[in-house]
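So, here come the structures, one by one.
Presented sequentially are two complexes of chain A, the first with chain B as partner and the second with chain C.
For the complex of A and B:
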């Protein structure tokens, strides 16, 4: 158990962090070069004012027409994204582990709050899964990889909840928790989860084209 | 009758003293509990003092109960009568003291490749 724990909490953390960081930089640069080669007009049309205006509207709950048309989805999507980022970054146990390893720490949320946020993430994942199966327009666009990505996102939260509450087999679940978090982090740049880095670019471009060229709203 | 009352009183008083002595003696330490932590995030860490030190073959008290003066460890001096928080003070933020405890316990377990490492193994619910 010591060797497994040392491995997943030591070298594997570095491997996943490096894949995540280097992957993000690589994907960003290669996408920028591809755009320069295939769609050079993208650079000419980019307008920071219109880009930021569009990003701001799409980051505001019910800030776009589409969000107002699908209120349930909007609420679930926003709560999911807030919790999926805040819960792991400000979890007390994670702060302690980071302090132990790198001697840095920051503000943390209460365990009750983290528990609620974790349940919101898990419930949202179930919602997204059902939506993919039930809604024909979403089902049409769904491939196997979408289900795998959904499972990859849910896994660290399910195993984390399990470990925290010390349900049966929580020690092995703790190992799976660490591993699943690392897999998720490393997968971000190379899957659809890369919308984390590309969201501002794609939204910014659409905002620029609609705002500066067509003089229309894109929200 | 008088003698009986005396014996009874003595037995009661002695057993109370015994109870207090054993309750507050080192022998009975079963958890790591520092009163400096006013708000507890997790259940106190399970720590059976004597059993632990026997298993780990720790004879030198200063292994854990070290004493530092001007940032230098004083040899042959120990600090069993002190709380860790007397030196490792909490200044609003409890994280540095929590970290000291974790480094003391988990750090040693990692070094020795023995003993619990994961949260749930010490902070048992």
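For the complex of A and C:
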């Protein structure tokens, strides 16, 4: 058990971090080069003002017509995205581990807050799952990969909550927690989760098209 | 509902699709698809397919989806799933039946109105994805027959309606003659080098709606504009090739149009009340010719009329007294943000303007645009059924008292007329030019 723990909390951390960082850089650069080769006009039409205007509107809760039409989804989606990033980055236990290993640390949130945020992420994943099954227009678009990705996102949070609260089998859960977190991190650049990298680009581009060329809103 | 869609799919009778499909083999399909994806499907296509979260949030944007009682097959991403995703997943190894249906989905069940683009959180240009499918279908030769015939007319005559050169000049002289009965010194100046304005229209104007040229001439005359129209091909600014995916021909058409204006050394191009032609000249065709923006400034009639009224060049004698509503064409609103200028003109010329909802950038499509009405009789009923939501929107604004719909776009007129007729809405449709002509001060 210790060996496995040492392995997933040692070299595997490095492996996943490197895959994540290098993967993001690779995806970004290769897409930028492909755009340069095949769609060079994308660069010409990018308008920083209109790109930021569009991104700003879509990062503001209820900042677009569609968000106002789907208030529940909007609240869940925003809470989910905020919590899924904040909770792991500012969790006390994570920061302690990082401080022990690399002697760097930063601000952290209270454990109660972390618990609440974790539960929000888990509940959001359940919401997304139910929505995927129940709503015909979402179900029609769904393939197995959508469920796998959802499970990959939910897993580190479920297992993390489990481990922190020391439910039965928390040792093995702790290992699964670390491993699932690593898998998630490594998967970001190579799955639909890559919208983390490409959201600002696709949003910014269409914002530029709508704003600078077509003089229209895109929200 | 799913059943009826399946049946519809099984009964593709369009001569262009059926005839084209008869000449196809799976090998040819695979080769053409991969050529298009490799040569033209760049970073945009790849990113859009990679990041789509399959969330379905685009669904409610689509009038086809809403009109088919939320049938997911008609949602924007649903249409992409049935076409682009399959094609990419199978690396082009799709069969003839699949590609027949793909042609029908892309050409007749999507108006490329880009409303869904405003509803996708990632800003995925779904219209671009379905246009890529049309491009593939064009290269495979399975474009619906009627719109392909229009594209052939473009190729042969550089206009949409098989109008011959002498017929074009004749039509202008005929309209000039008619208008001179009303305003004796009116001219439709042909080939006037150095004029300020090059006025271009779409093929259907001389063919079916010649009175629009008459009205435009009266407006130009009264406003004291220094304008001209070419006596050569290049007078037609329309572009069905843009919608069939025949991008080579699209570029040629825009070249003839811009070069005619350049030859006459005009300061700007003013276009008649057409939406898709404006999209082609202002936004798409110029890019095909490697111009970031049009080489000669291009102004849609809405903006032109707005300027004329704002600057006092046209004065209104008596406002139009029946309550009107304003329909924002996709290509002038999501294509150029002309909604407030349109309302300025409507308010200046009409006593009462009642808004339909949704409106402005969020207006529902007329169902005809994007070349869908040009796919002709085989798809007339699927087009009308696919835009039930528009009829409901019109019925609601009619209930508030609106009798006349102002729609500054030819395609919208076609689509709205069919909806009004089918749903017995008893409303009439006008161009801004119709209203201005009716209400303006004219010389005695």
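Note that in this section the second predicted complex is superposed on the first by the 219 of 219 C-alpha atoms of A that agree within 3 Å, B and C clash if a C-alpha of one lies under 4 Å from a C-alpha of the other, contacts with A are read in each partner's own complex, and residues count from 1 in each chain.
Rule of thumb we're sticking to: a residue touches a chain if its C-beta (ideal position, glycine included) is under 8 Å from a C-beta of that chain, and two chains touch if they have at least 3 such contacts.
This structure is a prediction, so every number in the text was calculated from the model and none was measured.
Enquirer: Do chain B and chain C fit side by side on chain A in the superposed arrangement, or is it a clash?
Expert: fit
Enquirer: After lining up the shared chain so the two structures overlap, which partner does A:129 touch, if you call chain B first and chain C second: first, second, both or neither?
Expert: Neither: A:129 stays clear of chain B and chain C.
Enquirer: Which one hits more chain A residues, chain B or chain C?
Expert: C
Enquirer: Contacts for A:113 in the overlay, against chain B (first) and chain C (second): which applies, first, second, both or neither?
Expert: neither
Enquirer: Does chain B (first) or chain C (second) touch A:93, or do both, or does neither?
Expert: So A:93 only meets chain B here.
Enquirer: Examine A:34 and indicate which partner it touches, taking first as chain B and second as chain C; both and neither are also allowed.
Expert: So A:34 only meets chain C here.
Enquirer: For the superposed three-chain arrangement, provide the angle chain B-chain A-chain C between C-alpha centres, rounded in steps of 10 degrees.
Expert: So the C-alpha centres give an angle of 170 degrees.
Enquirer: Touching A:12, do we find chain B (first), chain C (second), both, or neither?
Expert: neither
Enquirer: Name the contact category of A:105: first (chain B only), second (chain C only), both, or neither.
Expert: first
Enquirer: Can A:54 be said to touch chain B (first), chain C (second), both, or neither?
Expert: In the superposition, A:54 contacts chain C only.
Enquirer: State whether A:24 touches chain B only (first), chain C only (second), both chains, or neither.
Expert: Neither partner.
Enquirer: Between chain B and chain C, what minimal C-alpha to C-alpha distance in angstrom results from the superposition?
Expert: Across the overlay, chain B reaches chain C at a minimum of 36 Å between C-alpha atoms.
Enquirer: Where on chain B is chain A touching in the complex?
Expert: 41, 93, 95-96, 98-99, 102-103, 106-107, 109-110, 113-114, 117-121, 124-125
Enquirer: Which bits of chain A are touching chain C when the two form their complex?
Expert: 31-32, 34-35, 37-39, 41-42, 44-45, 54, 58, 64-66, 69-70, 73, 135-143, 146, 192, 194-195, 198-199, 201-203, 205-207, 209-210, 213-219
Enquirer: Which positions of chain A touch chain B when the two form their complex?
Expert: 1-3, 5-6, 92-93, 95-96, 99-100, 103, 105, 110-111, 163-166, 170-171, 174
Enquirer: What does chain C use to touch chain A in their complex?
Expert: Residue positions touching the partner: 40-44, 46-48, 50-57, 59-61, 65, 70-73, 75, 77-78, 81, 117-119, 121-125, 283, 287, 292-293, 333-338, 361-362.
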